[in-house]
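Two complexes follow with chain A in common, the first pairing it with chain B and the second with chain C.
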Partner chain A sequence: MSEAANAETEERTVPRVPLFSPGRIWVLTMSTFTQLVRMKTFYFLIIFAVLVAAASNLNLLYTPAQKLRMLKDASFGAMSIFSWLFAIAATAVLIPRDLEDRTLYTILAKPVPRLEYLLGKLFGVLLTIGVALVVMQVLFTGFLFFREVTVLAAERQALEAQGGMSPEDIQAQLELIRAQGVQWQLLYALVAIFLKAGVVAAVTMLVSTFASSTLFTMIVATIIFLVGHFHKLAAGYWLHELGDSLVAKLVVKPVIMIIPDFRVFNVTENIVGGTPVTTGAMLALVGLALLYMAVYSAVALYLFIDKEF
Partner chain B sequence: MSVPAVEVRNLTKVFPLSLKKEYLVAVEDLSLTVNAGEVYGLIGPNGSGKSTTMKVVLGLMAATTGSTKVFGIESRDVRSRHQIGFLPENPYFYKHLTGFETLKFYGRLCGLRGRELKDRANEMLALVDLEVARDRRLGGYSKGMLQRIGLAQAMIQRPRLVVLDEPTAGVDPIGSRQIRDLIFKLKEDGISVFLCSHLLEQVQEVCDRVGIIANGRMWREGPLHELIAIEDQTELVLRDASPALLERIRNLVASDSGGAELVRSGHPRTTLERLFLDIVRESREAKAKEDREKQASKGAKK
Partner chain C sequence: MKFGRTTRKTVAVLALLLVFGLLRTPLESRMTEKFVASGLITEVSTSQLSSAVGQSTVLAVLGGLRPLVAIYLTLHAFDAWSYREWDTVERDYRLITTLLPEDIDSWKTGAWHMAYNASASALYDDPDIPEAVGKKNSRDWILKGIEFLKRGIEQNPDSSTLHQELADIYRQKLEEPCLAARHYKLAMEGDRPRSFVPRFYGYFLARCPGREREAYDFLMELYHQGEKQRLPTLISRIKELEEKLDVPATHRIPDPDPDVEILKKYPHAKPALP
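So, the complex of A and B:
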């Protein structure tokens, strides 16, 4: 048989396996999502519902607007803590567990490129966080709406009974309360929390590709998360103090570059405080989060692609 | 001639040991071939390099030097994995999935979808006799059941090569027999099997060819019947021999001045187990000798 014929025969016997398959990533994403759901992750939603119900029924000596703001503060606080904590814990556990159980062997022994495995795991965590956040947002918005309606009715009644105010003044007063009620801007807060969790998950995944244990991954990811909230501030001080010294070049500047700035995602406080965030600013935030995730995932892949199991 | 299922050529795998400038040679200049349709057994003591060889073949590790191919495709090429089904030693699959969901998961990874996937998953469950546990989560499976569902997932995409690492480790005799029967079934279907096992009796029973590895080196490789044949003895196989001829042969043997005796007909064989133990002993002695020589040369340099 000629060489050309041989090559043709070989070409025919080589199975067509796409180098990149969104379908396979989706399979891994859904498997990770199912795994996390069946680990009873969503039980947290019950705790959240109780927390929001308790916060909405607290009748402290606040103004009506403050009562609504407190409900938003408590809800977004809980959503934020759940999302970053979950992003670290879930991502840190997934890959080492697959390795310990040798499930990773059976997956990578199938025609699954390592990039797809990593993306499937990351997207699975993000899908779980996304679904949990949406459910929490729906619950919280429901409570907020109910609280807003009751507070507005009570305030209107009180102002009318008090007398001496024109209908326009009453309306203006009620508008101030409505500004703390259900607003489209609350969705931006939800998106910002999700994006922050996404970056945390990508960082954790990167750490888990070279870490020797789940505990180490969790600790390092948590430290990065905490440092990411003040390192820009601290770096400004240190760079000012150290100038162009070797320490500044070898330590401070790399830390600023490597660790993401998580403070930029803290738009929730503005939204809760009634300061609107523009759509342009939100799009910039989405772009930044995607960039962070892409860079951390690329480095994770670089470390993972030649890793030996 | 058909492309070999597995082709390992001069494989060497070296692991660096922590931060010291020391290295562990896990596999050294190892070559083996698993022909299409045959059952090949790789046997060796713990730490001999069997699993490392298997992992390089599966693309889970890169060779330091040498090459490994699966049906002519380099092991590191993801396309080679389409042809492979792999069952690791003591596998633990996702405990949150049922048996049926597990097979669907692995099937989907191989591109199976819809009715074809469902039918294939059911077919595999029937093959490994797990239809009754179809909708039970794997967390509730026994070790033998996990091993069988592992074998089912390995075969879900109709691979041409099945790699089995200690497939009967920790499995009771009944489960072990079921797995052995499944290997026979694979062989009947023309599927190549690359098997690592400590159970020599089982290897002897199912394998066409065997490689014996120790200290990272291949010590003996070949068809099983050749390996276990006793080389310094001869067997005469006669067709249509008349009783008179046989009688003359017996008389000839009896008249031998050396006192030879015809005990029985048929080729005398040793057991694979005895051969294995002999080779391991031989390899250990060789290694000890090498070490002694190294020590002596170090001492001489000092």
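So, the complex of A and C:
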């Protein structure tokens, strides 16, 4: 056999490795998800269930609508805290853990592009947050539905016994309570929480690509998260005080530009309170979150691509 | 060599993030403005909050945990209520409504605590306080409740519930029929008026000096709407106005006066008026 024929046979037997493979990303996503599940992440759900049960049994002498709103606010508050805290902690831990377990060397020694590795890790964290949020939403909806039914029955009975109210008045009162009960719109609030967690995870991944330790990543990501909620407010004050000075130009303005603005994702609070939200507004929010995740992942790849381990 | 590469990369990353920031800021600002205008984001006055609560609470409020802070304050107010610490209840409700200005129930509950609970407590809870002082303190709490509701109405001008609550306070606690009628009318024109509110507007307009004719015309309009509106109080009030306005016998309503009917049936009964 000639040399050319040998080369041709070799080329035919060794499969060509695609430059970008969604399949490989999916494998990495699932392995990250398994890794996070093994870290007993979902134990948080037990605490959440206890919290929702406690909030739904809080019988303060307030209106039925207030009782339902309190349950919703407590549950969505807990979901929000869980999602951003988890996004920071889980993402900060993943790369150092892979280094410690030497899994990173095994993966990168294979024909896996570093972009796919980073995306696999990010999607794994997002999948875990997504699954946890869905489970929490199902749990919460069950409690809210039960509470709504109980509260409506009690209110109807009380209004009928009280007398002096027309059936239309009773219906109007019950509608006000129903407005604070189970609504499809609450799913939008869940999506907003997920998007915010996604951006937080992408920021944390970016920090972890240059950080020297897990602790450093967690602290920096938490600071960025907190500052991202009020830096525009604070900057407004500073810019008013400093005017068009050099400090304003060199320090304040660049900081506003670099740190993400998380306030825009705080729509959850009012959606839960009953403010109607349009699909257009939600799509804009999804677009913004995807843009953040794409840019931060690209910058993270730029730092990670030639990092030596 | 390595230091040079690290510096180069750091500068490049900062430049990339800065360019991204420049591109996204106008887009984000437009989105935030739209969300604020459509009520999806509430801008909380941090200066108002920071003087009343700690910095960490302000941070929690800004960090998307506004409703959780409001829940904490609601529980705190409930606790203060059980110990009759009315100043704390008032402070907590002012904060709760700063955090949740669109929550009608919080405005209503806060005003109820001030105008009814705290005012009654000022009158009866401390036997050592002279009666005149107790009455003055009680009235002060009623006025605080009214001022609180007026702030709620400023934030939610279309709320029938808040106008009705205010009218109820004027009616029950201050016996001001003209002001009560004014707010029942505003409740009628609001977002979710109750079916009895127009009747109440008529009843208290009838009690307002100089507006009897207007009240009579309005109550007659309700009377002509049919049996559903012809409740004993409505008939009784029309009869009173017929006497007061000296309406000719041919124009008077044929219904018997319910108060007289009751007195005929139960001689010791007291006529019930709203």
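Rule of thumb we're sticking to: the second predicted complex is superposed on the first by the 294 of 309 C-alpha atoms of A that agree within 3 Å, B and C clash if a C-alpha of one lies under 4 Å from a C-alpha of the other, contacts with A are read in each partner's own complex, and residues count from 1 in each chain.
Please note the rule applied: a contact is a pair of C-beta atoms (placed from the backbone, for glycine too) under 8 Å apart; a residue touches a chain by one contact, two chains touch by 3 or more.
Not measured: the values here are computed from a predicted model.
> If we overlay the two complexes on their shared chain A, which of chain B and chain C does A:101 touch? Say first, second, both or neither.
In the superposed model, A:101 contacts chain B only, not chain C.
> Once the shared chain is lined up, is A:24 touching chain B (first), chain C (second), both, or neither of them?
first
> With both complexes overlaid on chain A, does A:59 touch chain B (first), chain C (second), both or neither?
It touches nothing on chain B or chain C.
> Examine A:35 and indicate which partner it touches, taking first as chain B and second as chain C; both and neither are also allowed.
first
> Let me test your reading of the model: by the given contact rule, A:262 touches which partner, first (chain B), second (chain C), both or neither?
Only chain C; A:262 stays clear of chain B.
> Residues of chain A touched: more by chain B or chain C?
Touching more of chain A: C.
> In the superposed arrangement, which partner chain does A:162 touch: chain B (first), chain C (second), both, or neither?
In the superposition, A:162 contacts neither chain B nor chain C.
> Touching A:271, do we find chain B (first), chain C (second), both, or neither?
second
> What residues on chain B touch chain A, complex-wise?
3, 55, 58-62, 71-73, 78-79, 81-94, 96-97, 105-106, 108-111, 150, 153-154, 157, 163
> Which of the residues in chain C come into contact with chain A in the complex?
Answer in residue numbers: 9, 12-14, 16-18, 20-22, 24-25, 27-28, 31-32, 34-35, 38-42, 46, 59, 62-68, 70-71, 74-75, 78, 100, 102-103, 105-106, 108-109, 192, 194-196, 228.
> In their complex, what parts of chain A are in touch with chain C?
Touch list, chain A to chain C: 60-63, 65-66, 69-70, 73-74, 76-77, 80-81, 164-166, 168-169, 172, 176, 196, 225-226, 229-230, 233, 254, 256-258, 261-273, 275, 277-278, 281, 284-285, 288, 291-292, 295, 299, 302-303.
> Over in the complex, which chain A residues touch chain B? Could you list them?
10, 13-15, 17, 19, 21, 23-24, 27-28, 31, 34-35, 38-39, 101-103, 105-113, 306, 308-309
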